[in-house]
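Both complexes below contain chain A, partnered by chain B and then by chain C.
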Partner chain A sequence: MTNSLSLKIKPHAAIIGAGRTNFGEQWYKDPEKLMIEAGINALESVDFGLGRKDIQACYFGSFLYQTTNKLGLVSGYMARELGINIPMNTTEAACASGGSAFYNACIAIKSGMYNVILVGGFEKMTDRFNKIIDDLMFAADPYEFDAGFTFPSLYASMMARYIHDYGDDQRCIEALAQIACKNHHHAVNNEYAQFRREITVQDVLKSPLVADPIRLLHCSPISDGAAAVILTKPELARKYTDAPIYVIASQQATDDVSLYTRESLTGIKVTRLALKKALDEVGISMKDIQIAEVHDCFTIEEAIFLEDSGFYEKGKAWKGIYESYESFKNSKHIPYVKDGKELIVNPGGGLKADGHPVGATGIRQIHECFIQLRGEAGKHQVDKEINLALCHNIGGTGGIATLHILTRDIYE
Partner chain B sequence: MTNSLSLKIKPHAAIIGAGRTNFGEQWYKDPEKLMIEAGINALESVDFGLGRKDIQACYFGSFLYQTTNKLGLVSGYMARELGINIPMNTTEAACASGGSAFYNACIAIKSGMYNVILVGGFEKMTDRFNKIIDDLMFAADPYEFDAGFTFPSLYASMMARYIHDYGDDQRCIEALAQIACKNHHHAVNNEYAQFRREITVQDVLKSPLVADPIRLLHCSPISDGAAAVILTKPELARKYTDAPIYVIASQQATDDVSLYTRESLTGIKVTRLALKKALDEVGISMKDIQIAEVHDCFTIEEAIFLEDSGFYEKGKAWKGIYESYESFKNSKHIPYVKDGKELIVNPGGGLKADGHPVGATGIRQIHECFIQLRGEAGKHQVDKEINLALCHNIGGTGGIATLHILTRDIYE
Partner chain C sequence: MSEPITRRKILVNYRIQASRCSDCGRTYFPPKFICNNEGRRSKMDLVDYFYHKGTLISGSVVRKPTNKFSHIGSFMSAIISFEDGNIKIPGRITDYIPPEEELDITEFIGKNVIPRFRRLYTDGHQGLIYYSSLNFSFEDDYYPYQDYVKVEHSNVSERAGIVGYGVYLPKFRIKSEDESSLGVKERTVPFVDEDATTFAVEAGKRALIHAGIDSRYVKKCFVGSESAPYAVKPCMSTVCQVLQLGEEYAGGFFSGGIDSQFACKAATDLFIDAVALVTCPTFGGEYVMIIGSDNSQAERNDPLDFTVGAGAAAFLFGKKDVIATLDYYVPYTSDTSDFYRREGQKYPKHGGRFTGEPAYFKHVVTAMKTALKLSGLTPKDFRFVVCHSPNAKFPYSACHEVGFQKDQIEPGLVVKYVGNLYSGSSPTALASVLDIADPGDRILMTSYGSGAGSESYIFTVTKEIENKRERSIPVKEQIENPHRKYVDYNTYRKWKEIGA
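What follows is the complex of A and B.
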């Protein structure tokens, strides 16, 4: 694999460090302090040392800092916290704010203007716990908000349609619950995760109904947290570490903010557009990917990704999920299996169990792939050798998606 | 000038089109519709033709769209309006959101990833007229908000200090009013401007006191509006137009969001940092600049810029302003003069008279320089030949600044 890849790929950037905070309820920490905590952790993770003054630009992603936290001009807060006066940029793309910040940071590395960039994502959602469901609806169409939709009910429309079209079988209902069980299972050994406990299919199916057919345990949680990574030019990476991780595909696609205008409720166009471009960029197929961070804001979205990506055929993901779960539920990680090929999705618990501080999620995904590819994920390290990881981050009901593919050591 | 410049400069990008809306109160237009109106105007301004499908990426800047307009995920709205699924990015940097979007778009052109980028800025401030002064305070420190400060009172602190330190003379008070008179005078012939009427020094000094010593006519207004420009790679520019405008310096600097931590109230560090880098990048001095779009959110900031930039010595801007105004107040444009060198600031009226829809301002400045450098500003065209223009956009009380230098035809 390594040699054949190295023929085609010119990396966008190299990741030389990554850090994060615990995800969960962090009542006593301001959002900018969470971001700096993750940033300092990322700096300190750089093997051969890197200080704040070495950073030449910053990219931050966050969604609700104005509405929920009453903050603006994030750059000014970060300049204060870091004590540096460099270019800093803040990107908002709903739940893909982190992925979008990372996408822009890769462009900035490619421009040649900077040697070292800090990229961060953060969200402090518990500041307005009782209103957060309304705040989140800024990522939907106002008509949807006015019609009484919330994000659970928007995704419930997708799930209901999926079950109606493809899932006339109790195993489909169970499979869409197994996704949550698998992600909780993966999070048990992830020291940063919000929910480090097992749940069963029965737990999911007996949990409170939020928006039929979505129940509480189909949903990712309300979370506080931040994550950060350090980027450099590929040719400079070994100045900072012996184990850089390379960004070999970086794509973004957009679509109408509203769900009601989509061609289909059981597929996400931005995922297909961005993923195809990302795979083409590297010259590989989905079958080559070994781990994938998938945007499982609700479990139905992980199932839909498995079909949008072509890993399973349209309408057949639930069968694949069911069979894989039944075969591997006692393993450390529960892979999806198709034609003997194994794909581990959300090895640290995903949005469902690791947590979903929305602006942080896209960077948390990069962080997870970084530590997995380096073999530094500790107790939740994937057991097999991996060299190709994918991050899929979407905003709203599919108004935007970012897709990144990471690899180890293509220059060996 | 042209030849000596061409030796040193490798442009970041070329501007091949620019468009905008009228600025002012636009009660019947949604913010995203304003943005699209400006974007379509920019596309249609490209001499040899360009359509929506030719755009490969978009960068948008806006400050208050969530809080004031209850919108998020701008990319999703724009994908709908434009009917394209390309990468789109939204940057928030308070009143420098437009400049920051432009800065990021220049980086994206430099990365080589895109041939044609649409960059836009927009703001719809009248949607929450009675609360907008609170919304704007998201660009300040919460301590300042809690202490009762508003943006007029923050800038009043600077103005009071400036007058205390340097202006023990009625002419200083008059000079800080003359800035408003000059910018209104410049806007009279600008068909897009919010205030197309002359005002006198006495009008300013008798206008209602907002925050001593700032009076109503020292302040830029609350505005709705949008502006857009089209960027391409320098080497492709002549495919689209015979008169491209080149971006030869692009800089951004950040500083603590709060005013109370600054070293001085009579200077803005981010302006000095970004401007020095911008001038060094081109290898010119401030004396070479012929027109400057300066961030005159309050008239004191235009005076402070003239000192931060070194055009006038520290504490001496008011004298220069006073003498220039008295000498040229009957001219079409009123330049600032120092040692025989003339600098025209805000030839279309600046934030004060053209209007200040905050996210749009940074792009409106680029638009103004684009039409001035091409000789297409119509009735408010600067009479002399110009080849170097500067855009200065700041956020908050100086938490961020972007600095861009534009030129004509360096490849002739």
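What follows is the complex of A and C.
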């Protein structure tokens, strides 16, 4: 193995299986059925076999099920669907519901209480048609709603301020479109992805205005879908598979639910806080990360992440994005490059192209890193040896973030 | 939204209420009661930003709004900073229609904005109507910023009268296309988020600023309207809550008042009552506010539909620093059914030509002539005469019949440019002549309300008017404001009906 890091921490947990559904419009499936489909896929992916009765607890993440499908007591639905009567918990943390469920599950494993946990995330958004625009504002505060804001327009306020402060250049405008093109490019070979087609910068810049300066193709879509992973204690992992993926950092940070009360419109504090703790926990730096699942709900968020993470300097991500895209746009994966160091962000298409069923996204990110680290991503497998992956899941406009670092090979 | 949630939000939304730590000065919107800098329960004082100016720090044009705001179409939402970033709040930019092509938001960053009390949305046709002051218009646009300075009074009159006034005319206008508008050349049009309540608040705010008095001493407020947004629930209580009329106690105020209804004289009828109150020792208050406010109603393509305007005028009565004493009062009433609206009906019906001679002219001319007789004055003793103005021809003819000349009538004929403001009509005409009146000038004002009645008032202007003039926004200035914007008939109907 090429990784020569000496990781100073013992893993929180090990992932031994992962499954998901296709993301997109799932007109014929109820949300609980989607969740169970992903869960069963995760169970069946465990190499040496794992049955439903082997699961000792479940952690689910979902955001809007009460509104979109008039569901409550998710645990009861899942107990009925799975036919098991174990402890189950549901976490709501807006778009970070999945990441937060995973964070809680890691704590549960680390506590020693359970040996095997199923962690799932799901969302059913298309049943609400355009009412989902109102529903999503549950992740903002009522004053933002009453100001007429929608989720795209809140992120558009970040984008406008970013352009005002740092990007008075046509290349910045193009870079923020290139992020969408790059993520669509990555999704072309992802069999689960919602959008498996290339788009061009011109396509993005000519797509309908949603919330100036955000256009339709700057946005992640409205999606249905679910994802699940199976967690176990690190010391038990090889009982289930020869290729467990270890969770070596699991962090969460919170900040004001409201964008307007935060310190900055061009940075996300929870990303900086959670990422620093995650990197410190493992004793590595951002430059050691090889692939990152970044919460690109809108392309501006991916750009801001690249600055919050320190990969690019504050205000300079757009230049790095522009130069990287121009240099690598014909590659299978388009990495971001800084001082010769490459970082592949959203190798399966991210929220933008893989889809964004809100509560499923955090778990879908873990799923993507799991298959990439195991070399099982098929046609969209990254063409280089990787051992460190990061998952960045944001809730709302930055009210919460979870950061997880995963690895395949641990060197004592 | 439920009624209790609404009440809690009103306390914050109407005045942009924030809390400030008494130790470190850090300020929070929405208000909270633990300062971050203390890490424990702190002494927090409530402050508000209703009369402040903010700065836009970022925003977006919302092209695909939530369902609650879809009636507005595209609009700008923004984050507004007050006191150089001490607090930031979200707000919708109002009185502004973004272009269809992409707007460069970065060009708006740094612009100053002014809070505006506007309608947000409703819970359907039967539910509550939600209002807020978290709406802003650009300072360099139609609505100028005014500081609210409370001025110590310098003299007390023996005779009560007007101590301040404010007129609010919306930014939008529609031009008349033919002669059916009886001399009305253009009319004010409410923006999509305006109604009689929001007009009343704006006019009342301007009256307080003009008078320079402390709103705590306004003990009674009457709002006359025939287009109040609720059949049952007063505009007055909203005006009171927003403008903080009376001494505050537990989120309410020690003041009273009602909404009144008598077609277009719903407000002016109460001028004499205001004077009576402020001279009555039992009243115990110093000032009375009277507002005439209407989003004047008319059915599509009815003759009224080509004369109606929208707006409000507010008058404060008292005995301190009076700018015009109220000297004579003559009311005249009869049961004449010229114009009416049954409960549950959206638009008024009227008797066509019957609204003229036996209704408007009979009552207006009778009241005017009797006022002259009572006072022993002749038309020559007046500098100005103003009347209720359903159009430009009626008031001119009535005044001319009584013996007034063109130079006395014309200055108050603002109906030509604002349309029929119903309850706000004669008060706005009065304001327009007070804007240019000199000390010693006499003004004869005659209102008219269908159903039917008139009252005439004779005012004498005092020298105090000159001290307050710089704090007024003259009617003419609003009429000629270069930022006024014209809309087409369909837009006018759509906006008017939303706020009807």
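What we mean here is this: the second predicted complex is superposed on the first by the 403 of 412 C-alpha atoms of A that agree within 3 Å, B and C clash if a C-alpha of one lies under 4 Å from a C-alpha of the other, contacts with A are read in each partner's own complex, and residues count from 1 in each chain.
By definition in this document, a residue touches a chain if its C-beta (ideal position, glycine included) is under 8 Å from a C-beta of that chain, and two chains touch if they have at least 3 such contacts.
Fair warning: this is a prediction, and the values are worked out from it, not measured in the lab.
Student: Identify which of chain B and chain C touches the larger number of residues of chain A.
Tutor: After superposition, B is the partner touching more of chain A.
Student: Applying the touch criterion given at the start, work out whether A:Pro142 contacts chain B, chain C, both or neither, answering first, second, both or neither.
Tutor: both
Student: Can A:Gln66 be said to touch chain B (first), chain C (second), both, or neither?
Tutor: In the superposition, A:Gln66 touches chain B alone.
Student: Please indicate which partner A:Asn130 is in contact with in the superposed arrangement: first for chain B, second for chain C, both, or neither.
Tutor: After superposing on A, A:Asn130 lies in contact with chain C but is clear of chain B.
Student: A:Asp212 in the overlay: touching chain B, chain C, both, or neither? Say first, second, both or neither.
Tutor: In the superposition, A:Asp212 touches chain C alone.
Student: Could you tell me which stretches of chain A are touched by chain B in one complex and by chain C in the other?
Tutor: 142, 258, 261
Student: With touch defined as at the start, can you tell me which chain A residues reach chain C in the complex?
Tutor: 130-131, 133-134, 137, 141-150, 152-154, 156-158, 160-161, 163-164, 168, 208-214, 258-261, 265
Student: Quick one: which bits of chain B touch chain A in the complex? Just the residue numbers, please.
Tutor: Chain B residues touching chain A: 63-64, 66-67, 70-80, 84-94, 100, 103-104, 107-108, 110-113, 138-139, 142, 251-258, 261, 269-270, 273, 395-396, 399-400.
Student: For the complex, give me every residue of chain C touching chain A.
Tutor: That would be residues 9, 13, 28-30, 57-69, 72, 75, 77-79, 88-92, 98, 102-106, 109, 120, 130, 132, 134 of chain C.
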